[in-house]
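There are two complexes below, and they share subunit A, which is joined by subunit B in the first and by subunit C in the second.
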Partner chain A sequence: MDVLRNTEAKKGAKTKKQKRMNECKDVEAETSVQADSVEEEAAFPPNFSVSEIKNKQRRHFMFMKLKQEKRKRKLELKKKRKKEREALGDKAPPKEVPKTIENQRIYDETTVNPEDEEVAFDEGTDEFSSYFNRLTNPKVLITTSDRPRGRTVRFCEQLSTAVPDSHVYYRRGLALKRVIPQCISRGFTFLIVINEDRKVPNGMVLCHLPNGPTAHFKVSSVRLRKEMKRRGKDPTEHSPEVILNNFTTRLGHSIGRMFAALFPHDPQFIGRQVATFHNQRDFIFFRFHRYIFKNEKKVGIQELGPRFTLKLRSLQKGTFDSKYGEYEWVHKRHEMDSSRRKFHL
Partner chain B sequence: MQHDDVIWDIIGNKQFCSYKVKTKTQNFCRNEYNITGLCNRMSCPLANSQYATIREEKGQCFLYMKVIERAAFPARMWEKVKLSKNYERALEQIDENLIYWPRFIRHKCKQRFTKITQYLIRIRKLTLKRQRKLVPLSRKVEKREKRREEKALIAAQLDNAIEKELLERLKQGTYGDIYNFPIHAFDKALEKQDEGSESEEDEVEDEEEDDEDVGHKEFVAENEIEESDLSDFEDMNNLKGSSEEEEDDDEGETSENEESEEETEAKGKSKGKTPLKGPVRKKRAYVEIEYEQETEPAQKSKAT
Partner chain C sequence: MASKSQSCSIWVGSETGILKGVSLSKQQAFNFCEMSCLSRDQEVCVLEWGDPLESEVLVGCANGTVKAFSTEKGIFTESKECGDATQGKFTGLAMMDGSLVTCAESGILKVWKEGCTDTIEINVGNGVCRMRQNPSRRSQVATGGKENPLKVWDLERPDKAIFTAKNVKNDWLDLRVPVWVRDIGFIPDSDKIVTCTGYHQMRVYDPSSPQRRPVLEAEFGEYPLTALSLPASQGTVVVGNTHGQLAVLDLRKGLVRGCLKGLAGGVRGLQCHPTLPLVASCGLDRFLRVHSLEDRSLLHKVYLKSRLNCVLLSSRNLELSGADLSGEVEEVKQEGEEDGETDEVWDAMETVTDKTNKRATEKAAEENAVKGPKKRRKVAKK
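What follows is the complex of A and B.
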């Protein structure tokens, strides 16, 4: 009885196959269906793939079956391997580390070695040294391109709450070349210009003022405060801590120092706020959180503040001068985007 | 001569004119020599033998006049006069060239010339201001970037990274003493007791206890000074023995030795200092000395 039921069940599946068999003119299959119900499913002609079946329903069904079988085989293989591991016990070979893009990243020769003296010397004498030697305090001016729309304006306001000691000014069609000397005379250390396109911020120019480098970023995925789920209250006036993650190369180092110089030296731990710039695969994610230590092994974080991602487009020595400036680094799409494993920051 | 009315009758009203653009409310004329841009009897360059326009080329304004005698040679039909850059001078030029022409054409020419000069001025002003540079976006590239960004976001695991960093900072002590987690402090205390320093333990306690310890230190110092005498050394030995017996026996025994020892103890006590149990000991938080004080009065009474 079981055999019969088996065959019937398989027949249901196999009738479709049978029909196909007929299409493929394989007569043996019909006889083999009853006989080989337990062994082979059917005798397919070689080089047969599921995609050749013209009927969509049948094709879909066969494909699902194929996937299930694959999955089953994979599970069996896994189990077998696990058993072997356990059987070997200590002698088992170490677990293989899966390949990730970060693992496979092409080694960049400009990666900074922490003990590198030359880098340390450079950093002691570059434009940010005055900040890191506590000679200057950051003062940030945030502005936009001409005629900003509501979203950009709100983004600027929220950004100014995240960065302490920052001021938002409306750009009344002024040329940046004229704005910069005025800023310098008023003691600003940083100029941020948010460029807008079609009512959405899409670019940022970050200019360190006395004579410092200018970085041009592409801004994407901007989330304003009201769009964020489970967010906390507005940030307070306390200076946040700064976390800079994954800035490994020389270029990354200089950009990281630039970000660090935006914020005051001494974070006020009472405020429990932290601003994070996390670099992953050349995308810099900015987040602003409030944290609380529940015990010494656990910390809870709650996101306040705007979030956005940056991608560096160019780094220019000196203040903003797109025509005559000397570019330290420019993103060249055809050269630099050709490899998926090569990153520059 | 051309039959203007006939021409107008045909192209203006009845049949097709390829320059005519019809909208719901108005008809426009797309002819490049049209002076007003509308499709009218007076404005049609094809239906007027006597016609003039102003056109500008690369910032230069010209007065074009139609010479109807050359209607057979359309390429040579229009005569152009370069107008002066000076506005008033140019207006005078228009007047002298179109002298005796119908008022309509003269007026419209001047109007058109004014408009053209105005927009030329505007162009010159705008080019001095900042130009908006339009950068073409490649759709493929934008999509690729977006996809990569999403994957990078997933790979980044931001929350975990931030939490890890914060915990590391806590461990390294960048936050100082703000956060007092018991296990953390206890571990600290354990470490430092092993090293043999006492200050950390005091830090853990309140400041009052620090003061007490300071007081105790003073006691110890004075006792040490006393112990420098030989007599005190003997007393020290007696004290040692007595302290041991005190701990062992409570109030029961009343041997002479004990009494003498108690007297010496009393002596020691009378000096106002706490007797030492053996050599200088580490000061502890809970004060053993208090214990001794409690028991002594009872023994004193027994002695007497």
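What follows is the complex of A and C.
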């Protein structure tokens, strides 16, 4: 209380105190007004909350006071617990794991069990089976929406250096449904279309070519090479290793396999490059690094290449056909985003 | 195996070729498949009941074979070659007086008689998407597809279609409206046929009326409607589209009565229960969902690991089949205690089975009744 008296102007504090006394005209107020001057807490009616005070300055003051009290109590509790823990020594109970949204994730029944035969058969005979059975090599075509602006063009060029055997073509206002048969005839296995809005890339359509699924992503947080801090030299032509993190559900598996099929089968370890697709809370983070083993246990990494985040909007069976195609999964905001702890990838 | 298949009330066919049976009373799903010889060309395209008693399920596969699965024994009893992969996948299966009717995508509709090698063959036009049998007149089938208008055929007079639908008038730009019939349904107790199209339209045709154009047309959504089903209560139809939106449409005015939520992928199979207000839907998101049509809430959701192609509901009570059994046992015990003599116990058991039949129909008539007062009623009747 002394601290508060020093921080506030004396006049102001006194008037506030008087006004506080006037406010509490309810049941206990009369009797405890005299007690007020000594302890303030007993004066307030039981269901009183700080938000009921109409005066902003007074309300702010009361709220600050409340927070300080809370912090004080929390620190005391922490000190007490630490003392108890030290006192117990070895017999102390193990430290509790703090709750995070990933910890509290609702168990998804579509989580793939590695020994599941049916899922293994399904994956073994799906559209990517020709890649995973080493029958085809990936060949990627990268293009944009019509008339791309500088940032998108640079992003496409950098993306093509990250993905080996990729070609960037200018989209001359061509319809995707007509581009796709031409790509198939020229032996491409993937089509990436970066959509641009207001001079910034914001969407990506990833279409596996012969007859494969089309994924539509929302792209955000694109960082080009010159915006990276402490980056290394440009990526070389070596095939990178691919890391796919945390794609646990059946849908996650499909998307993960799609990303894996973008890169050649055998990474060239000489190049020491790695592309990471890290899935966390349904956002997929793409990073491209070069690593070097300093000794057995220590690794140094340099980030090269573009960095972006993806969020899956829909997965469509068959090549790009947004009107008549059948969707395997569509993101429906009101139904799927109602719980903070439920994720789909 | 047999007990598993006997308890299954919903049958689902998947893209991997596995026939799955779901038992809602036990809350379990079972895979019925020939072990380790799965292949994609065995993909289940159509499922249909082999007989009115629902003891046999006919499974039409992508490679042209039709397999019969016995629900009592729990095994595939026979397999028949009805065409090959060049004709396209099966779009419809039906049983008529012991002979099997199959229709493929290329338009070849064949009637296979038991024991005879000759077949009646009709060409219904290319690009067929669906063939359905009229449940009240078993010799009539309807077919429709992409640029293939709705045609109703009588299998006893296979030369010409009884009814061919005419396309609607040119639209406001004087362009021909394209035709793409995706699913067909026969409205019970009337001549009318309802179809849903790939251009998100729902149309009702009446062959008994002089006009061959649709009597009613309604639109829903912006995506192709892939499946359609008629519930037990008249006047509505449930449709599903490629985006996973399920809607209940009114057949009098063509308005949307409500939507069923929950699906994330395109609807491939939809079926309403013959008596209860339930609808089962399956789709590309690998889930089987059962919704209630009264309050449009999700009752059951089952994860079946492959993409699902078609669903088949049995007409017996779905969840209550388990409860029925327990009800039977309890009633027998009561009567046994009352009488205490073996002969009377046996008599009591017989009357119990009669009563369960009555009970089943009563339950079907009035939806979810409380068991308590019913039991008392039974005992009082006795």
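Operating definition for what follows: the second predicted complex is superposed on the first by the 269 of 345 C-alpha atoms of A that agree within 3 Å, B and C clash if a C-alpha of one lies under 4 Å from a C-alpha of the other, contacts with A are read in each partner's own complex, and residues count from 1 in each chain.
As a convention for this text, a contact is a pair of C-beta atoms (placed from the backbone, for glycine too) under 8 Å apart; a residue touches a chain by one contact, two chains touch by 3 or more.
All values reported here derive from a predicted model rather than from experimental measurement.
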Three-chain arrangement built on subunit A, subunit B and subunit C clash or fit: fit
Let me test your reading of the model: by the given contact rule, A:Asp122 touches which partner, first (subunit B), second (subunit C), both or neither? second
Looking at the overlay, does A:Glu69 come into contact with subunit B only (first), subunit C only (second), both, or neither? neither
If we overlay the two complexes on their shared chain A, which of subunit B and subunit C does A:Tyr324 touch? Say first, second, both or neither. second
Just checking: does A:Ile243 make contact with subunit B only, subunit C only, both, or neither of them? Give me first, second, both or neither. first
Counting only touches as set out at the top, which of subunit B and subunit C does A:Glu335 meet: first, second, both, neither? second
Quick check for you: in the superposed arrangement, does A:Phe285 touch first (subunit B), second (subunit C), both or neither? first
Spot which of subunit B and subunit C makes contact with more residues of subunit A, would you? B
Give one of first, second, both or neither to describe whether A:Glu227 is in contact with subunit B, with subunit C, with both, or with none. neither
Quick one: is A:Val299 in contact with subunit B, with subunit C, with both, or with neither? Answer first, second, both or neither. first
What is the minimum C-alpha distance, in Å, between subunit B and subunit C after the two complexes are superposed on chain A? 10
Subunit B and subunit C footprints on subunit A, overlapping residues: none
Given the complex, residues on subunit A that touch subunit C span 109-110, 116, 118-119, 121-122, 125, 250, 317, 323-330, 332, 335-336
Touching subunit B in the complex, subunit A uses residues 100-102, 146, 173, 175, 218, 220-221, 241, 243, 245, 269, 274, 276, 278, 280-283, 285, 287, 289, 291, 293, 295-297, 299, 301, 309, 311, 333, 337
Across the complex, what residues on subunit C touch subunit A? 15-16, 18, 31, 38-40, 198, 222-224, 226, 242-244, 261-262, 264-266, 268, 284-286, 303, 305-307
Contacts from subunit B onto subunit A in the complex sit at residues 129-130, 132, 141, 145-146, 148-149, 151-153, 155-156, 158-159, 161-163, 165-167, 169-171, 175-176, 178-179, 181, 183-184
